[in-house]
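Read through the structure below, which is laid out as structure tokens, and then see the notes.
The letters A, B, C and D name the chains in turn, as written, and every chain counts its residues from 1.
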Amino acid sequence: MILLGLLIVPLAAAPLAFLLRRRRMLEVVNLAAFAIVLALAGGLVAVVLRSGPVSMWDGFFYADALSALVVLLSAFVSFVCSIYAVGYFRHEERSGVLQEAEKVGGRLAVDKLREYYALMPLLVFAMMLVALANNLGILWVAVEGTTLASVFLVMFYGRETSLEAAWKYAIIGGVGLSMALFGTILTYYSAYGALGTDALAGLNWSVLARNAAHFDKPTMRLAFILILLGYGTKAGIAPMHTWKPEAYSEAPIPGAAMLATGVLNCALYGLVRFYILSSKCLGPQFGSRLLILFGLLSMGVAVPFILVQKNFRRLLAYSSIDHSGIMVLALGFGGPLGILGMLLHMTFHSVTKPLLFFCAGNVQQHLNTDLFRKAKGGLIHSMPLTGAAFLMVTLAVTGSPPFSFFQSEFTILRAGFSGGHFVLAVFFVSFLMLVFSGFLVHITDLVLGENPGLPRADVCGWKKYSVAGLAVVVVVMGFWIPAPLFRLIQGAVGIVVGG
Amino acid sequence: MLPLGMIFALSIAAYLAGAFASLACWRKPALARYICCSAALAGAGLGGLAAVLGILRGAPVAWSVPSGIPLFAYSFSYDALAGFFNLALAIPVVAVSIYSFGYLKELEGKRNIGFFGFLFHLLLLSLTIAFTAANAFLFLISWEVMALAAYGLVTFYHEDRETRRAGLLYVIMAHIDAGCLLLGFGLLIQASGSAEFASFHKAAMQLSSSQQTAAFVLFFLGFGIKAGVIPFHIWLPAAHPVAPSNVSALLSGIVIKTGIYGMTRIFLDSLGGVPSWAGLLVLIVGVVSAVLGVLYALMEHDLKRLLAYHSIENIGIILMGLGAGLIFRVAGHPMLAAVALVAAMFHTLNHAIFKSLLFLGAGSVLHSTGTRNMEEMGGLIRPMPVTAFCFLIGAVAISGLPPLNGFVSEWLTYQTLLAGFGAIPGLTRILFPLAGSMLALTGALAAACFVKAFAITFLALPRGAESRNAHEAPRTMLIGMGWLTLACAALGLGVTWFLPLFDAMTEQLLGQQVSAHLVTGHGLVLSAGMRTSGTVSPMVIAVGLVVLMLPAALLVAVGVRRFGRKRGPVWDCGLPGLSAENEYTATAFSKALRMIFSVLYKPRREIQAVFDVSPYFPKEIRFESGIEPTFEKRLYAPLQEFIFRFSSKMRTIQAGSIHAYLAYIFVTLVLLLLFGVRK
Amino acid sequence: MLTNSGLQLVLLLLVAPLLSGMIKTLKARLQTRCGPGILQSYRDILKLLRKGMVIPETASWIFSAAPYMVFGTATLVGLMIPMTTTRAPLSLFGGVLAVVYLLALGRFFLALGGLDTGSSFGGLGSSREMTISAIAEPAMMLAIFTVALGANSTNLSEMARIAVTQSWRFLAPSQMLAFAALFIVLIAETGRIPVDNPATHLELTMIHEAMILEYSGPYLALIEWGSSIKQLVLMTLLVNTFFPFGLSSDWTVRTVGLGLVFYLAKLLLLACLVVLVETTNAKLRLFRVPELLMVAFILGALALISTFLF
Amino acid sequence: MPFAPNPELGNRIITLMAALVLVLQIAAVGQRRIVSSIRIFAVQSFLLGSIAAVIAYFNQASHIYIAALLTVFLKAGLLPRLLERLVERIGIRREIDPLINVPLSILIAGCLTLLGYVVAESFYHPEETSARAALGHNTLAVAIALFLIGFFTMVNRRKALTQVLGLLSLENGLFLAAISLTYGMPLVVEIGIFFDVLVAVMVLGILVFRIGETFDSMDVSKLRKLRE
């Protein structure tokens, strides 16, 4: 029941948005829908914690701890973003940006808004489907769905640049996903011999996971490579990361935040599902080596771009490349510690990243630019709340204690050591150091300094409270993780490690 | 032991309360100020009490507080070492918090005192926890919180560009050292399977030699950066001066000591001793830091930068003792090691005290003149006599002159080094007396430097308008300084009474109690322990000085009575009309040394004469001189240069061409198909 | 102990001016001048004590404190070193390190006094004084360490006692080298040619004199007296640690008297040596002095190394 | 039915047609005019559809007929129409010149085919000598080759539309793999995938259209505003 609710509510909210005329209504519908989704997600978590995996329509939908975690995170992110979106778009409308976009699109400002408020639920629906679908084919379909929905988000403003970004996103994403599909097909093929009779349910993960040991190994190897590249593209792992800076810097802030957290989680979720199969079939070794390689590569690629970065929206994109690198690395390190580290990191990332985007959004709307060069610094004077939050979340996102990322990175490091990857650990840490330095240099220059005498910002309640509230959550996360959440994560770890 | 735990918890609570209370009422500056200072005072008082209890108790007390994070527990262990460092924390903090009552007053309305209080208390809290953490995770957290809080305080005047740069340099270096520690602890945790310090000792034994080397190097890097040893010192003279002076006092006084704490804790306790080459490395780094530190200090005429460089020097002196101790321990002389440890720790405590004192003094000078540049000061002893006196005491103490505390700890260090010559076989023994002579050089140079610092700041005629109409600091500030002045005197004269405080620590770390050996002559005389039988008694020296001065005073008094004494203009070899312009300046004072050590300083000077008719009759002359910041220029600048050039090159990857982007993926795919598929 | 201290104090106060007088006269004779006569220093001090003094308007209490410090430290140090007997009265309360650092304390305040008046000569003097003494320090320490390590103590009486037991030790190369090093340091510390010229008041060359330029009357007397005591102390240190002949090991009149005779004789010899150096050398440029002290440092290091080679 | 369905024969036919598809793919690489490459794609898709039909016939896998029909209808019918319509709307008749000149491109395509066979080789099990295995081995090689060559055309072509074509032909490779290796996916999945492909083409079409009218050029290599 909950599963259906999770899917239907957003699916219903989308067409509803098309019917509504007034902005306020749109906002209300969105908020309500995502609030319900969040509540349902909570319910799902409760159920899963109480009585193990839930499944529906003889295993067409299937939710274990891992899916529950992803559902929860996606729901949380979408709810927070919908709150922020209200303030964000009101400001956009006031400052006439939407009217510009509308000229390009040849439609009215409210239509523009409606477009967003209709797309967002669709995106959320796709994300939920990713997490809940048992059938790997459907999983793929859903991930493709997130891409299609978010392409429109990227081209939202209809500028030349946003078209360019959308094109790159669509094409690269398309190629990536077709690789993922190929991988899925090959997985099916490698399972085909082993499954025989129940071949009809042959793409259901729960079924595959049971018999993964007998799959055809070479095929599985090829399949995993393709899957890694495919979902890796979606997760923005180097060298498939190139679409990210473009897409993130063009999409409206709430959308970008969704891309950077929810969609990223979905992609990684798919990766993890297949990782489980491959490690059952081929043993963890094969997957680990590739994952570690790509993880470190992504971190390494992100570093120089973060160090010399002119545009703070793109800075965020590279940070998310860095983070997905970290998570993939953690998956590669493997073992209970590594997986725990990865899932913790995913959780913290979903909580922290939106705040970073929101702060950047506030700053951008305040200065009407996303270039460091144009900003005179000293934002703390004109927008104390956002400024402080921005500094804080910068520290948080670069993994400095006492903020939560430190826990996950500490765990990942331990995983690395227990895997005996001392040198890799050194690389890992030094990349973290460099990212920290780069970030801090940029953000302090932005936030601190003499008062440039800008008008006072931080007035819109929606923006203020979403930032403040999320900031509180981030701080608290550093010192306290709700016990059920941790139990959930451990359950997920159990699924990945033990099966 | 309940009371200890209680008191400790209370002091932590005081800091926490102070942090949030002063943040809460940031709109009412005066209230925030009172809350901040009094909470700090309370916390420090309780902390000091707890420290004394902990030291006297000896045997460690451990608590474990369940943390909200299921992965880790916050476990504390209050042993003698922790107690000692908490004491070294408490004494200056008491002074600083009293001082701040007056010092922060001028900031009211100008800056957000509430936020200052928050960071200030966060710093104190993290320091306390860092000294008592028994768990790598908790330690690292407090370590980093400390760095961040300090960063916030350093950049408190963030409008100033120099300040921001300094802060960044500081926090980045701090983060790098945290990274080194992270790796180091990673090794130990991997070996022991737990993050508790207690478990490391056994685990360290199982580490392979290469791992042990790696661990040592990582920890030495980490703690060395924090302590500001050369060549990782560049952040220190940048960051400490720009902070508010009461904070600088803490930064130089105690924050850098966390590095010393870490080395002691890890090298002696967790790793259970390090190979002798490592000890030697520590010793040599100590010597280098001491000598170079003081040499750079001599060239400064920014009062607070000068003091900052002296922190480097004193860290060097501490490391000499510590290094010697490490070597002795490996060589199987626990007793000597204990003496060396006492020397190092005692100097740590002393430096914490007199360096805070000096920074507070500099603070009140800054407070009344508004400048850090000594060339604009002078004659301040008349408007601000008390500050001058306190600063003088601090100067005498830090120059290691008898009978104050600086002398005592340096004396112990000398004795340790001398003993090393006898105790260590082989050629390395030569290093000990050589180190001793370098210590002598350091001491003498420090004396020279503080003659300059004190005289140029407080004596003769004022060189600038600010110092001409300077005023004495408010009473609270004077009280703060007075407290530390007393401490300097007490620890110097009464050293023999304080030595037993070290027994518990040496017992815990080296299984030796030395105070009995170090005290003779009816508890008045400090002796060098076993091998070399040197003795000294600061108390007697002080008394002797007074006694011997009396007859002289008598002579003078008689002379004055009969033949009179009058004040007259300065004779100055008969040159009339002395004015501030032809006074000796700080630059001039250090000229001789600048030329003697020009190899090191690479001094540059430029003289521009503005003249009408002929260059021989200049209207005005602009003189500018400076020295080359060797490490910044030769070591760090090129590194940064390289990183940034490389990064800029990398940016061509993201050149915007979708074909290139697709090509990356395509190539990756092909490569993986070629190499990935086969086993 | 008090009586011993009293005796030694008197000895110090009396012998110190005598010594400097002696040196002055000897030097004059060697330069075929008739010279002021051995007692001149006494006369100077007495004269100064009987003069009124002028205190510069710019000076603070530091200016007045300096003379007492110089005098006090010098005399205190004097009580810590063995002069006629191995058992110096206060030796228990401060070894050779204390001696060095107490002298430094005196110097510290004297330099402050020099700077306190604001006269540029004072500053010049202080700067040079502190510089040279700083560079002299390591050499001195090395030399002292050599001896101290031999005696396994930094305690002067102890060192002297050990030295007495093996009187011919000074023939050991290490001792020779150490002596040479310490002698150079002595020259530097007591401000004699070729490092400084006590007789000059030529602004370019003076060091010590420049510091005390503003002092007059009793203060000047104290400083002069103090520095002559300092000189005596250093020379005593030299003679008694390296040539411990005749040092009595108790306080009986006979031995002490004998020791006194020996002591004065040794001082005279050393004075001759100093004078010889002074007359045969010209004053060095200030920036050549470090080279000289470097030599001393090298000598000290060699001494140290040779202690455990031979 | 004049003759009983004979898998052997079926495999021969399928392999032949697959080879034909491959040849078409390579021909597409050499193609210069947009319209004709659209046509080639249509033919290729039609062939795939008929392959599906053949497989369905010889293995009595009835659900594959649906896949076959969908393919023929969508990929051979609808999509090419839409694309040609688009071409007319934007009115680009200009020659399209690849980044790499034609002969070299074809050479590369050849190499990629080889690579396909190499990869497929690595999991050809001589021990299980069933016809399916052999067929799988052959068609998989073709499928991989199709995929790679499609990918290569995307890298190689400047025009937005041809990149879309590349993407589609790459999907054809997948389709071939799906039907020939596993006799199609479960039906839901099939439909889902088809639906997705359709939507994707729509989206890309819209994008192409917008790009065309915003930049009045289809040359995506000119889209280089967003860069470091």
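FYI, a residue touches a chain if its C-beta (ideal position, glycine included) is under 8 Å from a C-beta of that chain, and two chains touch if they have at least 3 such contacts.
This is a predicted model, so every value here is computed, not measured.
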Considering B-C alongside A-D, which chain pair is linked by more C-beta pairs in contact?
B-C
Measuring between mean CA coordinates, which chain is farthest from chain A?
C
In angstrom, rounded to a whole number, how far apart do the mean CA points of chain C and chain D lie?
101
Between chain D and chain A, distance of the C-alpha-averaged centres to the nearest whole Å
31
Whole-Å gap between the CA centroids of chain B and chain C
35
In whole angstrom, the CA-centroid distance of chain B from chain D equals 71
Give me the residues of chain A that touch two or more other chains.
167-168, 171, 175, 218, 222, 245, 305
Shared-contact residues (touching 2 or more other chains) in chain B
651, 653-654, 658, 662, 665, 669, 673, 677
Shared-contact residues (touching 2 or more other chains) in chain D
119, 122-123, 151, 154, 163, 220, 223-226, 228
Which pairs of chains touch one another in this structure?
A-B, A-D, B-C, B-D
Please output the residues of chain A touching chain D within their complex, sorted ascending.
135, 137-138, 140-141, 144-145, 148, 151-152, 155, 158, 160-161, 163-168, 170-171, 174-175, 178, 181-182, 185-186, 188-189, 192, 200-203, 216, 218-219, 222, 245-246, 249-250, 305, 310, 314
Which positions of chain B touch chain A when the two form their complex?
67-72, 137, 140-141, 143-145, 148, 155, 158-159, 161, 164, 167-168, 171-172, 175-176, 178-179, 182-183, 186-187, 189-190, 214, 643-644, 646-648, 650-651, 653-654, 658, 660-662, 664-665, 668-669, 672-673, 676-677, 679
Touching residues on chain C, where the partner in the complex is chain B:
9, 49-58, 60-62, 67-69, 71-73, 75-76, 79, 90, 92-98, 100-102, 104-105, 107-108, 111-112, 115-124, 126-128, 130-131, 133-142, 145-146, 148-149, 152-155, 158, 201, 203, 213-214, 217-219, 221-222, 286-287, 290, 297, 300-301, 304-305, 308
Applying the document's contact rule, which stretches of chain B touch chain D when the two form their complex?
651-659, 662-663, 665-666, 669-670, 673-674, 677-678
Per the contact definition, I'd like the list of chain A residues that touch chain B in the complex.
167-168, 171-172, 175-176, 179, 218, 221-222, 225, 229, 233, 239-240, 242-243, 245, 290, 301, 303-305, 307-308, 378, 380, 395, 400-402, 406-407, 410-411, 413-414, 416-418, 422, 425-426, 429-430, 432-434, 436-437, 440-441, 444-445, 448-451, 479-481, 483, 486
